[in-house]
Structure formats: C-alpha cells, structure tokens
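Chain nomenclature is as follows: A, B, C, D and E, assigned in order of appearance, with residue numbering initiated at 1 for each chain independently.
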Amino acid sequence: MNLLGLVNYWAFIILMMIGLYILLSRGNLIKKMVGLSVFQTAVFIMYISMGKVQGGTAPILMNGDVAYSNPLPHVLILTAIVVGVATTAVGLSLIVRIHEAYGTIEEDEIQIEDFGT
Amino acid sequence: MEDKIIIRVGAKTLIPFIMVFALYVQFHGDYGPGGGFQAGVIFAAGFILYGLIFGVDMAKKVLPLSVAWLFGSAGVLIFAGVGVVTLLLGGDFLDYSVLAHDPEHGQHWGILLVELGVLTTVFGVMISIFYSFAGRRGLGT
Amino acid sequence: MTLAMTSGLIVILPIAGALFVGFSSKWPNVREGFGLITAGGLFGLVLTLIEPVKNGQRPELTLVEVVPGIELALRVEPLGLLFALVASFLWIVTTLYAIGYMRGHHEENQTRFFVFFAIAIAGAMGVALSANLFTLFTFYEALTLCTFPLVTHHGTKEAKKAGRVYLGILLGTSVCFQLLAIIWTWQIAGTVDFMNGGILAGTASNGVLSVILVLFVFGVGKAAVMPFHRWLPAAMVAPTPVSALLHAVAVVKAGVFTILKVAIYIFGIDLLGVLASTIWLAWAAAATIILGSLVAFTKDNLKARLAYSTISQLSYIVLGALLANEWGIIGGGMHIVMHAFGKITLFFAAGAVLVAAHEKDISCMRGLGRSMPVTFACFFVGSLSIIGVPPAGGAWSKWFLGLGTLEAGQMGLLIVLMVSSLLSLVYLLEVPARAFFSSPREDVHSGKGIHEAPWPSLVAMVITALVTLGLFLNPDPFYELMTLVVFS
Amino acid sequence: MTQHLPVLQVAIPLLASAVCAIVRNARIAWLIALATTWTAFVIALNLLFRVQSEGIISYALGGWAAPYGIEYRVDLLNAFILVIVTAIGSVVIPFALKSVECEVDKSKGSLFYTAYILCFTGLLGIAVTGDVFNVFVFLEISSLSAYALIAMGQDRKALTASFQYLIMGAVGATFIVIGIGLMYVMTGTLNMADLAARIPEVRANRTIPVAFGFLTVGISLKLALFPLHLWLPNAYTYAPSAVTAFIASTATKVAVYVLLRFFFTIFGIAFSFDIMQLHIVLLPLALIAIFSMSLVAIFQQNVKRMMAYSSLAQIGYMILGISMVSVTGLTAGIIHLFNHAMMKGALFMALGCVMYRIGSVDISAMRGLGKRMPWTMAAFVGAGLSLIGVPLTVGFISKWYLILGALEQSWWPVVVVVLITSLMAVVYIWRVVEVAYFKDYPDYDCKPVCEAPLGLLVPTWVLVATSFYFGIDASFTTKIAEAAARTLLGIGL
Amino acid sequence: MLVLTALALLKLNNLFAVAMLAGIYSLLSAALFTVMDAVDVAFTEAAVGAGISTVLMLGCIALVGQTSKQPPKPAFLPLFVVFVTGGMLVYGTLDIPPYGDPDNPVHHHVADYYLEDSSHDIGIPNVVTSVLASYRGYDTMGETTVIFAAMVGVLLLLVQSPRRRGSYKDSSLKSSYHNSSDNHSMHSTSEDDSYPGDN
C-alpha cells in the first residue's frame, strides 16, 4: 500500500468534508454556496489525481515515447466544473431573489419569516 | 468609475488584447490547453470588464441583453445543429467524419464548429448572467 | 340476444338508467319515470335468465382481461341469479317507495339520490353475477363507494360522521382482509374463478386455508359480523329508502351473498367441513346473532332497532354458510330472500311513520295504529317473517337453517337460533302492539292530521308484505335455485 | 432515419429549447413546446414498439463505438420510462397554457417553456443514455431547469423551496459524481454495459462498495427517499401547478429508473443484493416512508402539500417493490412508476384547476367546490380513487402486484403496511372530498367561481381516463413491466 | 494550503472575504491541477472558479449585504454526517490503486485507446480536446446545454418585470379564503407590496 498516495487522497477527502460541513452547518445561504463549491472542487481534484500518471505529462501528443496523463478525467472534470458554475449561478440568483423577498439570507431568519417562530 | 481616465484608457487598450487572447485560446485549443469554453469565458470577461468600467448601460448599448440571450441559445443551436447536419449527411449524431471527404478533416471541421458553438453559448450566457445581476443593482439594500 | 349479453346488459342497464335520471333532473316526473322503467326492465331481464339456468346453462361473459389471468367477467349461476332476482325486484318496489318518501319528506338533491341509487343496483347486479373474486371485489367496492353519497345524503355533521364510519369499516375490512384474502387465494390457487366444489382444496395446508377463511368472513364487512358491524347502525342517518336499500337489498345482502359464494365456490362445502376455523367462525356468527338481538332490545329508535335486528339476521346467513352442509347453504340462500322481503317491509313501514307522523322513537308510536292501520299491519307481517313463524316466508329459511345445525351436529347453534327468534319476537312485535293496543298519547299528537304515507310508499309496502306472505305459500322457485346450487 | 430515433428523442427537444429561448413570445414558445413534446411522445412510443419487437437498441453517438464514445442504449425499461416522461410532458403542456398564464408572469412565458423543455430534455437524456457520466450531465440539465421552474411559484416560499432543492440536489449530484469516479478508477470505463462486465472482477475491493454507497445516497437524494426527502414537500407545494404536475410525475420516476439501472444493470443483483444486502436498507426505509408520509399527509391543510407527502409514500411503494428483488416485486415497482405518474399528474392538474379559479389549494378554500367545479372535483376524486387503489384503476394494479410480491416472500408486516396505508390514502382523499362536497360554498365571496376552462380540464381528464383505462385493461403495461423486470433480473421470459 | 483556505472559509463571516478566499481556493486548486498535468482543467478552473464564480459571488454580495451571522454553536448533526461520509471515503480509498501508478486500471482500457488512436482518428495533438469535442462530444453538448439552462434559470429569476415586483402573497399570514380568492388576478399589485425586500 502506497501510504503517500493515500495521504494524497485523504487530503482531498478532508477538503471535501470541510466543504460539506460548511454547506450543512452554515445558515447563511451564500456560505452554503461557497461550501458547495469547495466540496465540488475537492471532488474535482480527486478525479484529476486519479488521472495522474507518475512521470507523465499533459496529454498533448508529442513526438517520442512519452507517458501521458489520463485525458478522460480531465474531460469529465471540465464538464463538471462548468456544471458547478452553472449551479452556482442559479443558486446565487435564487439568493438574490430570496433576499428581495425576505430581506435576509440567513436560514433561521427566513424560518421566522415563514412560520413566525 | 466613468471619470477615472487612466482606468478607462487602460481598459480600452487592454480589452482588445483580451479578445484576441480569447480567439487564440479558441483556435489553439487543438494544440494546447484551451478551447471553446475557456475562450468564451475570457471573451465574456473582457466584455464584463468593459461593462464594469464604462457602466452597464453603456455595455448594453454595445451588446443588448437580447443579443447576449440570442448568443446563448445560438451556441446550443450550432452544436446540436452540427449533430443534425451529420445525421443528414448519413452519419451518426455528431459523427464529424462525414463532414468532409477525409474523415480526419471532417473531425477537424466538426471540432472547430462545436467549439465555436461552445464559445458562443458561454459568451452569451456569461453576459446574460452579468446583466441579470447588474440589473438588480440598486433594488436591493 | 344471447344469454351472455343479457347478463352484461343487466349490469349496464342500471348505469344507463342512472345517466338518464341524471340528464332529466329538471323534470322530476320524467326522471322518476325513467327510474321505474329501468327498474322494471332490469327485473324483466333477470327473469329471462331463470329458465335457461334451471336447464343447466351457465352463460359467461368476459368483459375485459385486466391482467393476464384476471378478468372482469360475469357468469350466471343459480345463487347469483337468486340474489339478482331479489335485488332487481326490490329495486322496483324501493324506487316506487322512494318517490313517495322523497317527495313527502321534501328531500334535497333528489336527482343525486336517484342516480347513485341506480348505480348501487348496478353494483349489486355485478356482485350477483360475478364470475370470479376479482369481479366480485370490484363491484363490491363500487357498491360501497356509490352508497356513500346516499348515506351522507343530508350532508349534516352527523351524516358525515356516519359516512366516515360507513366508509371506514367497509373499505377498511375489504381492503385489509378481503383483498388480502383474494390475492392470497390467487397466489396459492393460481386462479380466482368461482368453480363448483371450490378451488382451494389441496392447494395449501389447512392452517393457511383456515386463516384465509377468517380473512374472508371478516373481510366482507357488509355481512356485519361483529365486531365489524358498527357501520350498519351508523348508516341509519340516511333517508329511509336508503336504509331499506342498504339493510334489506343491496349492501348487506351483497355481503352475505359474498360469503355464501366464497364458501360454496372458493372453499367448497367439503373443504369448509374440515377447516378448523369454520366452527369458530360459526360461533362468532352465533354470538353476533345473540348480541345483535340483545342490543336491538335496548334501542328505542325504530330504525336503530331494525338495524341491530339486521345485524343479527345477517349472521344467520353467515352461519348457514359455515355449517358446511347442504341444508345450511339452502337455508342461508333462502334467508337472503326471506329476510330481504321481511326487512324491507319493516323499513318501509318505519319510513312511512316518519313521513306521516314524524316519529322515530318506538315509545312515541303509541296508538298510531289507529291512524295508520295499513302501515302497522304491514309491519306486523314483516315481523312475522323475521321471527320465522308462519304464515310468513321466514319460516322456511329458519327451518332449513335448523336442519343444517342438526346435520352439523351443533345443538348449541340450534339453541342460539331459537333464542334469537324468541328475542326478535319480543322486540319486533312490541311496535305493532304499541301502535294498535295502547291509547294515543294525547300530549304529543291527538291522531288528528296523521294519515297514511303517500300512496306510492303505501303501495310499495303492501306489495312487499304480500310477497312475504306469498313466499310462505310458494317458496319453490327459490328453493329450486338453491338446490341447483347445492346439488350440481 | 428510424435508426436515429434514440438520439432524436433527446436532440429534438434540445434544439427546440434553444429555439424557444430565442422567440421571446410566450404563445409561440408554447406552440414549440407542444410540438416538441408530442413529437417526443411519438418517438418514444415508436422506440417502445421497436424494442418490443427487435430487442435492445444501441446507438453510438458521434459514431464512436462504446466504450470509447457515448452510447445510447434503449431496452424495454427505459423505453417505458421514455414513454412515461413524454406522455406526461405532452399532456401537461396543453394544461400549462392557461395555468401558466395565470400563475407565472407573462413576460417570462417563453423562458418558462424553455426551462420546461430543458427539464424534459434532461429527463429523457438520463433515461436513454448508456453512459454513467452522461447521466450526470443530463441530470444537471433537468435539475437546473427544475430549480428555476419551481422558483416561479407565486408564493415567496417557492424561492426557499427551490434553494433547498438546489442544495440537496447539488449534494446528491456530487455524491453521484464521487460514486461514478470511484467506479471509474477501478474499472477505467464509464459505459454501463462495460462497467457491468468489469465490476465483478474488482468487486471484492473496498472501493466498489463505497462507490455503491455514494451512488445510493446520491440517487436517493434525487428520488426523495426517506429520510432524504426534505426538499420535496415544499418544492411540490409552492411550484406552479403545471410544474408540480410535470415534476411530480416524472422527475422522481426517472430517479427511480437510475436507481434500477445502477443496481441491477451495472452492479448486478449478485453484488447489490447478495453482497451489499441493499434490500435490508431499502426495505425498512421504504416501509417507514410509506407509513410515516401517509400519516403526515393526513394532517396537511394544503392539499398540494398533502399530495406531495402522498407522493413520498408512493415513492416508498416503488422502492418497496424493488427491494423485493423478485419478478413480481419489480413488476410492481416498475408498473407503479407508470401508474403513479398518471394518477399524481391528474391529481396535481386537478389542483391546478382549483388554483386557477380560486387561487388557493388550502383545504378550507375548497369548500363546496363539488358543486361549483364538478368536473374538476370529479377528476380529483377519480384520480384519488386510483391513489387509494380501488379496483379498475391503475392504483389497484400496482397494489395487487405489490401485495402478491410480499405474499410470495411471506413478508407479513409488509402486507400489513401496504394495506393500512392504502386506508390512510382513503382518509386524506376523503378529507378533501368531504370538504368539497359536503360543505357549503361560502356566500360572502362576491365573485362566483365556475368550472375551470376546457384547456385545463381536458388534459386533466386525459390523465384520469388513462389511469382508468390502464386499470381496466392493464395487460399492455403489465406485460412491459414484467418483461422489463425479467430483463433486470436476468431471467428469460 | 487548500485545507487552510477551506478552514478559513468555514470561520470567516465577512462574505466579501469569503468570496475572495473562495477565489483564492480556486486558484490554488488550479495550480494543483497543473501539477497533476491537467492543464486544460487548470485553465478552466482559473477562469471559472477564480474568475466567473468570484464575480458572480461579488455581484450577489453587492446585492444582499456582506456579513453573515455567526452560527450559535457547532452543529452536531452535520458534523456526524460529515464524519460518516468522510469515513466512508477513507475506507473506500484504502483499496484504491496507488496514486500515479501507470498500471492502474484507470489508465488502460479506454484511456489507452484515446492516447493511441486519437492521432489517426482525429489528428489533433491535444487529446483532451479530441475526447472533449469528439469522442465525448455529446457530453460537451450536454455541458453547453447546462450552461444554457443556467442562463435560462438566471434570466427567469432575475430579469425585471416591473409589474410583478411586490406581488408576493405573504402566506405566513394565514391566508383566509377571502383574500386568496383574488389571487388569480395576480397582477393587481395593490394587495401587499410591503414585503421586506424594500427596506
């Protein structure tokens, strides 16, 4: 077992979990979105690290016998990044609207607005 | 910010370069990092810079929201349209090989076209979103 | 027209009638004319089936195959025909009665009433002619649902509450127990068709089959075996024709009919005889008989007393089915008929009193007999039939049931029957006795201004009373049908 | 051209959505949506029949053979799902014309339909694809547009509901991505069929079970399986009626489909149920969902919310069927996808009619509606009967198979729960019925409420009629569901 | 570095700083992408995560104000969820193939094909572009559509329609039947336009 490699993964997992924790525990809607993007970015990093080949290079073909990194995760993550920013955009515009409608973007205050408790 | 002459001049000189860089990214995508998406973002960033410095209203004069909106849809149309064209030419959906006599050229053309579609959409979408947020300014707090 | 088509028409005709009734809501006379015509037509159709069935024909009609192997299908057999005959005949009479009652009582939403009334009959016909458990269950549920608006007809808080109890118990038992039993049957027997001799014999251990039997008996909430009898008295808030329909014709009879049919065609007499739960269920029915009678005693409200009497009488039929011998089945089948005519007469009379004198409680009926002699005479005749003494038809069915208990070797059950008859003698005859032999209560009503109910109601009542008497003299048509059921 | 049908199924709506955004006119956009959904429906039917006669259809996108390119793979199961989604989509659109005019600002009409078609596209894309990452991409298309659609509700709570959905949905999607990534890292492929072939080699590994876990949680978030259902009631309650009708009857169905696809096709029964013992997790969750959500539904004052909770219970039924891992159980689950789509669509559309006329779906606002809007309420009762599971409605068919499946396994508690909860359905449907039929219409209202316009009623009744038709003659749907179930289980016909 | 940034994100309550830090976080991860040979991804992450997202975030903050409330106490349920999820992932990584080993299954099968055959299939050197635009071109079309969907969503949500502003029904006030019956004429803004967004 390659402990070093594992530690590498674990670091990303820690990042992911911090993101998830921000997302779940923070009442501020913008911080939730930030948490989401931290979480997602960490997942992206994990993907890319899967595609890494030791001693490899970016998958742009060159002459000669070169080891390349795996291009597929890159492609997937390109897509995923775009999806992430799309989600962020929609989420943020929802936040703007929520702020207009409620005057706050704190979850607990919205609850009070809605249910009066 | 309209009265800060240095910024205005600086931006005016900078923005064309950003645009050119975006085009470079677009067309160099085949050989190095980059492609439609990144190019679109840079293109949009250039324009947003313009909007930030000269005001959203000014920017809207150059490129109205409806046009940005149109770009956003048009890109998807281009992309999917390529797919339909390949269908009509007898290939599978998005099978660029049928676009030219030589499959390899076909692929080149196809990739170029779809990257253009991506660029258009991303540019249009980013501008639209920028306008949308900017349009809300002053209504909130 | 083939016989199979006739059987289909029997189910469809009342629905068509309901449509016509619905469309002619603006003209009450036309509307009720439609009602009577369809009722008469329906009875005529059912009559045409008698001869062929007696000759051994069993017309079948598959309407649609719902899921492979499960069909919505009709099949005419003697027991179903018997039920169809009774229900379709009594529909004519009840419609006649309802016309008088509803007008005399100035009820609202009369069109809705007649529409659902007709649909209910369609449901009852479907139950009667169903070829398999699925069809039976379908129409059974349809019957429950379309009588709901009838029960809650008045829309008052009380009516709604009663409606909830009604729907709750009937749907609850049917969904929780009956449906389960049906699916279980399907699972172990691979079919749910009604067949002579039953389909379950040998398909599973007797323990399992016993459980299924229990599920069926309690799942048919309409048979009102205690403790699932509460809906019946609750439904008393309905207008009296509805009570008549529910308690004499369509609903309760559909229930006991289902039990008979399940006993004969799903389990088969032989299998029933060996199942452990049969005798326990028989005793549960016996308990219902006694308890129902006892509770009836305590009720001063006439309709409530009749309701508990019905609960008690229905269990006669359940008991008959569970005796697992020919005489029991014949007695049960006959009792469907006899009780139907007897009890409907009683309800008609009760409704007539309500319309004419606005009285609900027995204690207030003292001396009413003088101003409403026909009504109370009919009540007397109906009572005789329920008690089971000559010269009323009820005597026959009780006789056969008694024979059945003897053949089954259950003296205890025979005693139950006797005791219950005695009880019913007291609680039923109290009413005409008070009406005829007590002096009118001066303070409440002086007898002035009280006349008999409107003529359609009166005619209906007299007809059923006469039929009750006639059935004593000539029960053969029904007896023949029942022998066909048992000895084919 | 017929060999291209699988891709046209998705490409046509996709192109239409882009056109729709350009036109900027609500009426034209609506026409486009109408044409699109109906075309898609025809294509879906065509695909279904072709799959029935010819077997699995595979389509290589871009001409690259799987696993190098993305493959579209249509078998009986997803052809069936396609039909469900397109059917609902094409019935809701005619309904939407008036309903949306009333509930959504006019100037947003064209964008609304664009989002609608996008959501539709996304769902179709998920259903038809044979590539796991493609599932994610289309999932996001449908989700993003669904968030926007839900936020269009009149009540400001629609915004928070949508946001909550967005957060939960995004977490769910990310979990799915993690799951896909872990699968990918072990096998090096993304194609479903290819994965199915390669997973057995590596399944002793600890990574695959974790991938499995993440996928389960992610998909469960999307399909609102108890206890991950928190986003659903608000989203359904506050979304515009047409959106609720569409999303309620399609989005969760497609999620269930994804679940089936992952567990049965990709991981395989042996892994999902023998090794992971998934049914041991799913079964109790399904039962709790069925029971508790039915119970909660009874106490709701807002009828739309009541139906939302009922949907959660119904999702429980589907999962229950799946967790039986038997032909009958799976048939029950799959057929309930269809049946529930029909009846819940009809119910929400009937509520849309109510909303259109009286602007509220509070139970107290529905007093006396039985007289004022007889057809609407009749539709509600009709679909409600189906929900209860009265014979001759589709609900009965589902219940029949479900109970049969439970009996086969001798799962008595399950039987009891199913039976009791269908009684609970009686209770909540009947609460509405009582109010609508036995309470008087309030007199003080100056504007008389009359029947909903035909444009709303006809689509509603189409679904009601469907839910009766396929309850009376269920051979078509049951045949497909059973064949699909057998394919999933790998048992020949 | 990344972890520190993330932790700082967790603690900070000034949203402006949060947005900036999120941008930094993106840039850092972009750097990491480059280290791992994913230049295209790095480029995109820098442009999107650090660029567009930050701009959006700032735009949003400009509209909604920039302080966030400090949560009263650590929330245990999220913590629990996070630990379970994280634990599961760690467990899952135990058997994951070693980092960067060229023999990993992930680098073979499909990836091999792309690296070996794309030059004659498609003939452009950037394999990522080949895969992105051709082999998995359909995914990219989906991605374009996602972006497009985001635009539609944002426009739906944010484009001004003056008549509608203020027409929210405040349903926290128990809407009696009477006033809700008017709501199908939603355009009458007179009903209650005093919602808190205007303060």
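We take it that a contact is a pair of C-beta atoms (placed from the backbone, for glycine too) under 8 Å apart; a residue touches a chain by one contact, two chains touch by 3 or more.
Everything numeric here is computed off the predicted structure, so don't read it as measured data.
Common neighbours of chain A and chain E, listed by label, are B, D. Here the chain-to-chain distance from chain A to chain D, counted in touching steps, is 1.
The pair of chains sharing the greatest count of C-beta contacts is A-E.
Centroid distances built from C-alpha atoms place C farthest away from chain D.
Closest chain to the protein centre (all Cα atoms averaged), using per-chain Cα means: D. Set against the C-alpha centre of chain B, every other chain centre is closer than that of C.
If you average the CA atoms of chain D and of chain E, the two centres end up 25 Å from each other. Computed centre separation for the pair chain B/chain C is 79 angstrom, with centres defined by C-alpha atoms. Measuring from the averaged C-alpha position of chain C to that of chain E gives a distance of 67 Å.
Each chain gets a centre from the mean of its Cα atoms; for chain C and chain D, those two points are 44 Å apart. Shown for chain A are the residues that touch two or more other chains, namely 20, 50, 58, 60, 72-73, 76, 78-79, 82-83, 86-87, 89-90, 92-97, 99-102, 114.
Shown for chain B are the residues that touch two or more other chains, namely 31-33, 37, 69, 72-73, 76, 80, 83, 93-94, 96, 129, 132-133, 136, 139-141. Of all possible chain pairs, the ones that touch are A-B, A-D, A-E, B-D, B-E, C-D, D-E. Chain contact summary for the complex, chain D toward chain A: residues 133, 136-137, 140, 144, 147-148, 151, 156-157, 159-160, 162-163, 166-167, 170-171, 173-174, 177-178, 181, 184-185, 190.
Of all residues in chain C, those touching chain D in their complex are 64-68, 70, 72, 134, 137-138, 141-142, 145, 149, 152, 155, 159-160, 163-164, 167-168, 171-172, 175-176, 179-180, 183-184, 186-187. Listing the residues of chain E that touch chain A in their complex gives 2-3, 6-7, 9-10, 15, 18-19, 22, 25-26, 29, 32-33, 36-41, 44-45, 48-49, 52-53, 56-57, 59-61, 63-65, 68-69, 71, 74-75, 77-79, 81-83, 85-86, 89-90, 93-94, 96, 98-102, 104, 106-107, 110-111, 114-115, 118-119, 125-128, 130-132, 136, 139-140, 142-143, 146-147, 149-150, 153-154, 157-158, 168, 172, 195-197, 199. Chain E contributes residues 88-89, 91-97, 104-111, 113-114, 134-139, 141-143, 145-146, 148-150, 152-157, 159, 161, 163-164, 167-171, 175, 177-178, 180-184, 186, 195 to its touches with chain D in the complex.
Within the complex formed with chain B, the residues of chain A that make contact are 58, 60, 78, 82, 89, 92-93, 96, 99-100.
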